[in-house]
Amino acid sequence: MATIGFIGLGNMGGPMAINLAKAGHTVQAFDLSEAAIKRVAEAGATAAASAAEAVKGAEFVVSMLPAGKHVRGLFLGDDGLLGQMEQGALLIDSSTIDADSARAVAEAAQAAGCAMIDAPVSGGVAGAEGGTLTFMVGGNSADVDRARPLLEVMGAKIFHAGDAGAGQVAKMCNNMLLAISMIGTSEALNLGVSEGLDPSVLSDIMQSASGGNWVLNVYNPYPGVMEKAPASRGYTGGFGTALMLKDLGLAADAAVKCGSSTPLGGLARQLYAMHAAGGSADKDFSSILQMLQGKAQ
Amino acid sequence: MATIGFIGLGNMGGPMAINLAKAGHTVQAFDLSEAAIKRVAEAGATAAASAAEAVKGAEFVVSMLPAGKHVRGLFLGDDGLLGQMEQGALLIDSSTIDADSARAVAEAAQAAGCAMIDAPVSGGVAGAEGGTLTFMVGGNSADVDRARPLLEVMGAKIFHAGDAGAGQVAKMCNNMLLAISMIGTSEALNLGVSEGLDPSVLSDIMQSASGGNWVLNVYNPYPGVMEKAPASRGYTGGFGTALMLKDLGLAADAAVKCGSSTPLGGLARQLYAMHAAGGSADKDFSSILQMLQGKAQ
Amino acid sequence: MATIGFIGLGNMGGPMAINLAKAGHTVQAFDLSEAAIKRVAEAGATAAASAAEAVKGAEFVVSMLPAGKHVRGLFLGDDGLLGQMEQGALLIDSSTIDADSARAVAEAAQAAGCAMIDAPVSGGVAGAEGGTLTFMVGGNSADVDRARPLLEVMGAKIFHAGDAGAGQVAKMCNNMLLAISMIGTSEALNLGVSEGLDPSVLSDIMQSASGGNWVLNVYNPYPGVMEKAPASRGYTGGFGTALMLKDLGLAADAAVKCGSSTPLGGLARQLYAMHAAGGSADKDFSSILQMLQGKAQ
Amino acid sequence: MATIGFIGLGNMGGPMAINLAKAGHTVQAFDLSEAAIKRVAEAGATAAASAAEAVKGAEFVVSMLPAGKHVRGLFLGDDGLLGQMEQGALLIDSSTIDADSARAVAEAAQAAGCAMIDAPVSGGVAGAEGGTLTFMVGGNSADVDRARPLLEVMGAKIFHAGDAGAGQVAKMCNNMLLAISMIGTSEALNLGVSEGLDPSVLSDIMQSASGGNWVLNVYNPYPGVMEKAPASRGYTGGFGTALMLKDLGLAADAAVKCGSSTPLGGLARQLYAMHAAGGSADKDFSSILQMLQGKAQ
């Protein structure tokens, strides 16, 4: 059993920390919100009074923060947390951030005598609570192997995508493709229904044919087709439009930076930006069907 | 065993007619090309001297023609073939055409004392030869059931999509979604590789994650990832860019007609139009990756 | 002074017919709406009991109908109006329709011993009332010259775009470009304002710089920048979203038919389709700014 | 007459510095390239051995650098050039960079007892040489007025867009709109020509109608329409695709950052990214017409 510093105890980080504690690890938990610390401490973790206290004596540090600037702000710089971590400790950053920030922290970690892997997740709050998250991991193999026992407590699938930053790149690419699939599936269903087809029948056909994709398998955007999908409960729960917009922004920034062409991915970002501006930021991202139908608000 | 008139014996229609003949049916085959008739006749069909001769005495007529204007031109009008078909005969039109044309022919067939189902296919030449096509069928259930034994000779999957025209709508929607998936997958792989990832590793991750789709399963557009995919043999064989462009044109026309929004589907058509104009009309449609990379020509 | 049959007396056709009558021409006016005929008759035209009566004895026939199917339906076929027009009469079709329909009617007119030019207009209801329309004309030069005196009564600018159908093509291309300019200008203003600029200042700068266009000159989409623009009166009046959507549909159909790439024009159609579906079909087309801002409804 | 430090003497900065020297100002010129310094010194400027020497004793400093990182790198930080400028000196940064960088330098300049305005230009090398550039300026009015005599030596139009950063925002918005106009005009001309129109006739019509824009006025992308446009000399000279792509990247980044929707602007960036990747990075940006036509390479 390991001693783990855990920083960032929100909707995702909280249950992840709790799962580590329940598995028998010593989890030193910190968050800017005392209420968040309290919830995790009640479930078996140890409350830390500061980030520095959380990482003290820890072989592993797990962080789950909102954006690249928070991760850089916390770990880098003269007073950064990397300077206070134990020699040889391994940082597992599960935040979804830009790959450049991930690479910068990894480099600084190494310079500080520590190590770092980027390990963003998919699977949402349900996956965090159930310990069934998918991890996409960037870093060297030895570090990934060292982290694997902890990742397996928090998740069900662990993919090693490549070197430092590769976990972030893989998640960004996957989520861009997911957004494209969601909008494309919504367009196809909407067009078919406009032409008189039953959305369930059309969904079945495309799922079995060359249009098949994950959205049709488990996350159908048409209300009533799939009882458990957000579309069938007013687009509540699930993965919010604002979060998808954030991921598409990371992809757009990366495409600009490396001069890559992502015409459908770029348009997907624009559509989600309009959808969010129109008042649907908090709805599940499958509600993009409503924008196509002019029912978004 | 039935007597079947078969009109249109090209790359797709030819092997379909042969499969019906091999199954023991009497196939009266006609095409504007004598060579095409000869190939089919040598494989067991009966050569017909005209379309009228082909449908004479036939309980079923199967047609496989290039576009809506050919289907309307052949069957409709005062001298149309519907007037020469046997009373009660069932027309199975497997051409990929616009739904309005399919509905117009279905209505005229009924008025002429016959019946018609639209039954476009996917699966390509290999599927036609192997009898493993997928049929997407529109028409009333009795007619679809009546056609089923023939469809099962020519295909492996038969989907009843709805009333007259619904088969065409289903195929159009599916192929629009397929085009979107193909471009989206290409964008994601291209972006990932630009950011240093291995295309095979990224493909595996997305296939298992929420970006999963048919393209990643069997038709990876990145050269070298999937040995049997067209991408690994110079984008030869497979499903041509020009054919995908035709299907996207049908979807674009339908969207304009019914006032539907298909932003990604519309952009997909534009990209394939540029790709075809740039000299890739005959390449497999997964070669769209090359256009993203600036290597299209 | 000429005898003119005028068919189609709506918001556009009505004032156009009245202007011809006021200029001293004998205008035999017909519409399916008796109220429309009455309004025009009261302003000096002669009420006709039917389309056939309207064209009787007329050297010119002007038509202003909603779509290609109405024009084809009225003039073509065994009972079509072309067969009832005087030998040598010139048909001026000012409807905005697809070029193929225009070409088909022009050909049939010639076969019937008449002539036809396509002469769609821009300038809206105000232009029709004030006699300041812009005509974009397709047909041979002799016919265009013959029509010119009438066109100059109804309009201020007459452009000869080319042979039969060219007037429709020119209008379609122009309006596609207008839609692109409108959305592009809206995006630029919206982005600038998001970054803290004053929309009037930014409009002035772009108007004088390389972003300058007709929209910035006379039709600014930002409320308050231009007192007389629809944007400054709640996007009422002006050129409706539904009408722009119709024109973009003509352009999209033409692009599909000739295999042309119109990526921005295609996306403009999609955006206007969503905007119309969202309840803004009757607003001025500059209200697309509101969709970008999430205020469309 | 003023003493001016001038840093960055490339294709744009060089002739700008020379124009200031020819107007009688004392210009202390520096660049990383000695050859660049030599050219400017031969035309009347004083060669400086370092950036620090260039700004010594200068009331004004003009900088013309490639990107935000160069501007931040030169002026900010403990050893930054702001610390070596004279108290009260005014920095005129004519680089085209992101607004955030411009604001950061402006703030730091104020803290250092200096002042800064952002003053990016349009007009290209010809405008720099002829002293006919357009300046879009951000900063407070007093500073802009103080800079005006120098700006008027180097340019013909000076727009005050707003506070710090506003010059960069105005240029970014303008150039995004320009890119949209260029592609939209190219699409309209290409579609019209596909439908049989003469590109010159169609250009004339749209220029006089509601499709009118700067591109049609002075920069027609269709070869042969406008003798002096880059399109008529093989798309050489003019404003390169790579430079337009850079400006569209700035707009895309800004749109992501402030959550703004720029669907056409975003697609324009994607198209230029594909065009550049396809080997046209160095061609004039009006060559995008060639990509639409499939002739890009």
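Chains: A, B, C and D, in written order; residue numbering restarts at 1 for each.
Following the convention adopted for this analysis, a contact is a pair of C-beta atoms (placed from the backbone, for glycine too) under 8 Å apart; a residue touches a chain by one contact, two chains touch by 3 or more.
Please read all numbers here as calculations on a predicted model, not as lab measurements.
In terms of C-beta pairs in contact, the better-connected of the chain pairs B-D and A-D is A-D. Of the chain pairs B-C, A-C or C-D, the one whose interface repeats that of A-B, sharing more than half of its contact pairs by residue number, is C-D. Between subunit A and subunit D, the centres computed from C-alpha atoms are 39 Å apart.
Centre-to-centre, using mean CA coordinates, subunit B is 51 Å away from subunit D. Subunit C has residues 255, 259-263, 267, 271, 274, 276-277, 292 in contact with two or more other chains.
On the side of subunit B, the complex with subunit C involves touching residues 245, 249, 252-253, 255-256, 259-263, 266-267, 269-271, 273-274, 276-277. Residue ranges of subunit C in contact with subunit D, taken from their complex: 99, 122, 134, 136, 157, 159-163, 165-166, 169-170, 172-178, 180-181, 183-185, 187-192, 194-198, 201-202, 204-206, 208-215, 217, 219, 251, 254-255, 258-265, 267-268, 271, 292.
In the complex of the two chains, the subunit D residues touching subunit B come out as 267, 274, 276-279, 291-297.
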